[in-house]
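Shared chain: chain A. Partners: chain B in the first complex, chain C in the second.
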Partner chain A sequence: MSEKKQTQGAIAKLFGGMDVESRFGLMRMAVAIAIGLGTAVILILVCAKNPAESLKFFFLGPLQIFNPNVPKGIGWNYFDQWIQSMIPLLFTGTAVAIMFSANKFNLGLEGAIMCGGLACGWVCCLLDGDIQAPNANPFLCAVIGLLVAMAAGALVTLIPALLEKKWGASIMVTSLMLNYISLYISRYCLFSTTLRDTRTSKYSWQWTEDVVLTFRKFMGTRFTLRLGLFIGIAVVIIGWAFLFKTKWGFKIRQLGQNPSFAKYVGVGIVSAGILVQVIGGAIGGLCGATVILGNYNYYYGVDLTGYGWDGVTMAIFAGNNPKRVLPAALFIAYIRAGASIMATQPGGPINELTKIVEGVIVLFLLAEKFLAKTHRKMIVEEAKRKQALKAVTGEEVAK
Partner chain B sequence: MGVITEIFNTISRVVVLPSFYYMIFQSAAPILLAALAVAVAIKANAINMGIEGIMTVTSLVCVLVSSAVGGQPAGGPWLGLVVAIIVGGLLGFAVSVFAFRLKIDIILVGIAMNLIGTGASVLLMYVLTGDRTTTTSLSSGTLPQLAIPLLKDIPFLGEVLSGHYVLTYLAYILVFVMSFFLFKTKLGLRIRAVGENEEAAESVGISSLRIKTIALIISGVLGGIAGAFMSECYLAYFSSGLIAGRGFVGLAACNMGSGNPGIICLCCLAFGIFYAFSNFSTLSNLSIYALNALPYAVVLVGVVIYSVYMRKKELKRLQGLESEENLEHGQPAK
Partner chain C sequence: MENYLVMEDVTKIYNNGIIANDKVNFSARKGEIHAICGENGAGKTTLMKMLFGIEQPDEGKIIIKGKEMRLNSPTDAIKAGIGMVHQHFMQVPTLTVAENVTLGIEPTNGVVFDMEKAIKMTSECCEKYGFEINPKAHIQDLSVGVKQKVEIVKALVKGCEILILDEPTAVLTPQETKELFVQLKNLRDSGCTIIFISHKLNEVKELCDRVTVIKKGKTIGVWNIKDVTEADISRYMVGVDVDLDIPKKPAEPKENVLVVKDLTVYNEAGKKKVDGVSFSVRKGEIVGIAGVEGNGQREMIDAITGLSKYSYGSITLMGKEVKDMDIRGLRTNGLVHIPEDRNLYGCARSMSIRDNMIADKITDPKYNNGIFINEKAIKDDTDKWVDEFGVLCDDGDQLVGMLSGGNVQKVVVAREFTSYSELVVCDQPTRGIDVGAAEFVRERMVHMRDQGKAILLISADLAEIMSLSDSLIVMHGGKINAFFPDVKTLTEEDLGFYMLGVKHMSEEEIRGALHE
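After this line comes the complex of A and B, so read on.
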């Protein structure tokens, strides 16, 4: 009994500064992640031909640089996979967090990413590609590519926003359809226009290596420097500052929490609603462009990327707060990299199992009634503690 | 100008073919099944966005069960259909548990369902067949096509209306069944009552939780049939991109039909025309990508037109209310 008290005391000390709600939130997150990872372990045990090896790579894959038995080159390569899968998550998480903060269920991010990548690829092919004018300044070319991509992405999410404003068409339905239309626009441009490289007929024309945002063997080390990561982190920070430190951000959050109140206190709810979707789409376009410029020196978009849906997962993980997108991206990218490393090992199951893990975690994170009893108990205990303190000191305790 | 002439040429080449009309009915069927699935749930005020995931999982389950028992000769497709229906029902139940018992926003449950569905189906396919894109290595077979006795001998009409897969006919029969169910039965009335006003329904002793759960289970069952259609009629195997947003198109059709099976059926047939066009790309010089994008573009335009119509109707209703109010207050109506 006393032991239990002691551990409780230790935990209370550790989380002493937090109120009961955030303590509970943290606990629920931990339990949800544990359930998700438990699902992964069970799936791996069932599917893998060599479960011990697969589990090792799933949980420790990206950290193999610290394993002396793994060649350093491979170890760094695994680590790079972690960074690489994190980059799009930073963008999409922020974009969806901003849109969901205003309660706009615009699911057109997938299309924005597609069109952003396409627009950027096309600009780079025109300015710096091997079709014509191969001598443009690569830095300038990348910047123009990213800007055009933002405009293209914003356009994709703006269409459902305007259709809703003008005629009240369901954002969800129109944005979902736009995703598929974007996919076919991308395929059309890639296969039926001058964008296609007539020599390979699979990709677009190439642009010079300089434009690529990735520097392999950076400064002679084994480290791969990805500028996309810095752009992503910048987007997260700007997104957070916009949502929580500006007047517009405040209006947007008002709109999400209580639209009628927002309307009566004079928030331009229509323009705020459209603004978030334009911002979300622009970030999506930037994401598509960063992924293209960071991984390829040609445009290659024949399938939907799924990044748009990742954004929804990320926003849920981060509780619609861009500040928490970074740790969420670190976590999701870690299990994804682990899973894809595991999948490359002989007899390992495939990386699609992370989708199941993510889905399970999302469900348990959101479930209001999950752990509700523990929640109530925690609140009661907190109240009792306060009462006891009050009896001793004879005054109200602030926290 | 060249494009417009080509469009007309394509249309004139395609519309004379009976197989084009046949394709309309066939390609509208899975969307129709999905839309009916969404409609039942929507009538109970539950948006079943997980329909895409449910269709993906059930279409794979179908193929696996069918090939496990020996494929077409052993009646595998039928057993596959039955199992798909059961699995669909269970998934619908799962959606209801997460949404109403654990209190999660039902749209987000749907998105999670789609995520888990795609992941689980690819994983399952890989583990059981060693292939991660299609199950062509399994011989799962298809459900039979029905030749309707007298109808099949009528020259043009016979080719269009006869010889469809069993599930195609079932889809169109289900339109009537669902209208009857929703508007003429006790359970249907309760589903609509819960959808219209949950508190009012509760106050007369209807358990809204139970009704919503039942609606979502029925929705899942219909989703299961839609999934079975995709892997046992539309194609004879499962592949990772098989559903290709058909669940979402169903959602759009349901949105346009405001949950009314008859109107939903018309919307789905209209979408079917454009799906059918993309099947005849060889007859056209138009870009295949444009033809593939056509159904989605038409859905988009359709939803907008529907919204404009609804907004006008709403405006008229409000004006009517206003003039009534004016009459009550002794002012002449304008």
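After this line comes the complex of A and C, so read on.
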């Protein structure tokens, strides 16, 4: 058997166990990503002063540690950019995937992240602020901060849920407005309360321990250890297990797939709907706190973070399955880090390029009629194949 | 004209991979009534949807008056002179007949809608074809029979020469059906071609000139109606003679399970739909509910099964008042329910067969340890049920949306009949599924009865309800119009009179429905 045939055999085996829909889903994803990256290549070729160099950093930037010509310190720094931008994606992707699984389009994640960060920052300032309070144990302080942040985040997404329950107000509209309310609350707290470090204009008091969740030059290596990554991965795993392995997750998916059916089999659809939004918000709050504790030793929140929107992108990439949030986060963070590294090189195009790539991919993933003809063809072929098999064996066959 | 309309080697495959039409051939002459017969799911409706431009064929040709047509939408079909009367009427209830009839071809006096002209168009068309309809009446005030006439006029007014009727008599009483047939024959004589889809063979024999039989998506053949008997057509349709005689012992009813007393339900528009209904269902009997659609059965069943709330009266299940119970509570007290609309309520199409079968039982300690679900127990039991209920599938992990209608219904029945139950509500349990699956579902219902369950059966299929029920309630205008403690002596014609409200029973007789 030739090598080519072997490969083909392996591919057939890989796809053999999949039904038409899964096969088509994978193919569609691959085509969408190819178009997105193709767009990036074209833009780089057009805009960059040194296209070859820019392309190299865009596609391989985060992996420069393997390039002997790049100083190790810089290589590790690029790698760290990848990890750093992946962390919030893990949280937000899982949070939105869980909420969307129940068909609850609560877009208040952005607000939950802001309020989570704010609550955590405030707790840390109170317990461990450099002027306000005596030094507490920084880890205990972080743990309390994370927990309070979860509660704050949950509160933000709970409000639209309750408004819908009580008065039938559209979750999407109220949650969107709450994002701005959260932003202004955050600004108010920073500018007009004792949270602000009186020596600065827009930062909170610092807490003594530098950056609690991040260890630069970990154990003497060049590697930066980010505990946020592990918290994020834990959130992904717990989120997946919750949605697919517990009885509550089962009910939530029923609700999302067909609310009439869920009601008819006896799911308390109102409470299940509220539950997912509270969970989503709690994860959002945790995300905000992790970002603050992982990158700063003070609170700074005068602008929307954009992480909430990333969650929607992630959920679309992952098809609302937290299991797929991890590869999706790896991918998105990789191209983001790549674009940002490319932009820092002399003559490199701006790093907003990555937004275009993401936008193009999301567009093609959401476009229902994209590749519809191919889809039809696959269905027709599969149906005919089954029919032919049936004619031979004389009975219904599996697969 | 022999080849007025030809559909040649037409194939249609749906997105779930089901081949609904496999190289189907069909042709109709000018000025004939042509029946298309086949079991539910044989592909009749799909074929007609392609002729009316709702679906597009994957292969094959549609030729009208010698010209090959590509019908991408109903608009194309209407332009080509095709009209269709759907099973579910496409009408705006709050508008008048004239407004509905001219919808899409609204006459204007320059700028605004011209009501006068619309009324004139409608009444001219009605006169021409002999329909007696008031163009100024509002649709919501009309009976089902008249609504259907409006639907036909709607097609005629657009100049339709080929009229498709998809099971037009399913919603009609025997008397309304007769009237419809007279008008259809008039239409034919004036040169219109009528395609009549039905699986009621006596009607086909009475009305049609030729018949095409379709079975499992394939054309079996075409015959002149005078050359074939009902039994012949039936054999072509299913291969074997249909036998609705379900073997069943006389019922041995015991104590009451469901007691409904003076139940009154207002709908969302504030209209009284159920008006002081009282009856009971006992252990070990099947109580049937017959009635023309829209006479309060829907609202009554929704109230009993907890899908909506009721206004006055009481419903007790196993001695407990259900008014403040949610569906979880009802199910805990022994209600199981095969819903009328299996795609809306009966299943989640994008979830697996397993998930669907276990949907109502997930809180059972057998299937979870308090937090996590017990996948092994679920797999073992659902595999068993797939076997027991004969669900045709690859395996239990297949999505329900990939199954045919009959198999989806088997999944629904498997879920409901394996849960704890005292009262089994079967709402149109065999609608739209093939004969084999229907027979299976009916047998299971009798089986459940013999196990001592109380069964409440609602069905528009008169043969089914008369052969399955031990006693029968007829509803008309939101009230019980008749109660038959024994169904054996009842004729179909007589039942029609009660359904239509031509005959009424005395209060005394109706009171028999409530066993106290």
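Note that in this section the second predicted complex is superposed on the first by the 366 of 399 C-alpha atoms of A that agree within 3 Å, B and C clash if a C-alpha of one lies under 4 Å from a C-alpha of the other, contacts with A are read in each partner's own complex, and residues count from 1 in each chain.
Throughout what follows, a residue touches a chain if its C-beta (ideal position, glycine included) is under 8 Å from a C-beta of that chain, and two chains touch if they have at least 3 such contacts.
Note that this is a predicted model, so its numbers are computed, not measured.
In the superposition on chain A, A:53 makes contact with neither chain B nor chain C.
Residue contacts after overlaying the shared chain place A:180 against chain B, while chain C stays out of touching range. By the touch criterion defined above, A:170 reaches chain B but does not reach chain C.
Of the two partner chains placed around the shared chain by superposition, chain B is the only one that A:312 touches, whereas chain C remains out of contact. Once the two complexes are laid over each other on the shared chain, residue contacts for A:261 go to chain C alone; chain B is not touched. Within the superposed three-chain model, A:383 lies in touch with chain C and out of touch with chain B [touch as defined at top].
Between chain B and chain C, the partner in contact with more residues of chain A is B. When the two complexes are overlaid on their common chain A, residue A:370 makes contact with chain B while staying clear of chain C. By the touch criterion stated above, chain B contacts chain A in their complex at residues 49, 98, 101-105, 107-109, 111-116, 118-120, 122-123, 126-127, 132, 241, 244-245, 248-249, 251-252, 255, 287, 289-290, 292-293, 296-297, 299-300, 303-304, 306-308, 310-311. Interface of chain C with chain A (complex): residues 13, 15, 17-19, 22, 58, 307, 326-328, 330-331, 337, 339, 344-351, 355, 359-360, 362-363, 367-368, 371-373, 375, 392, 394-395, 398-399, 402.
Within the complex formed with chain B, the residues of chain A that make contact are 43, 46-47, 105, 163, 167-170, 172-174, 176-181, 183-185, 187-188, 191-192, 303, 309, 312-313, 316, 349-350, 352-356, 358-360, 362-363, 366-370. Residues of chain A that touch chain C in their complex: 19-21, 241, 245-247, 250-251, 253-254, 257-258, 260-268, 375-376, 379-380, 382-384, 386-387, 396, 398-399.
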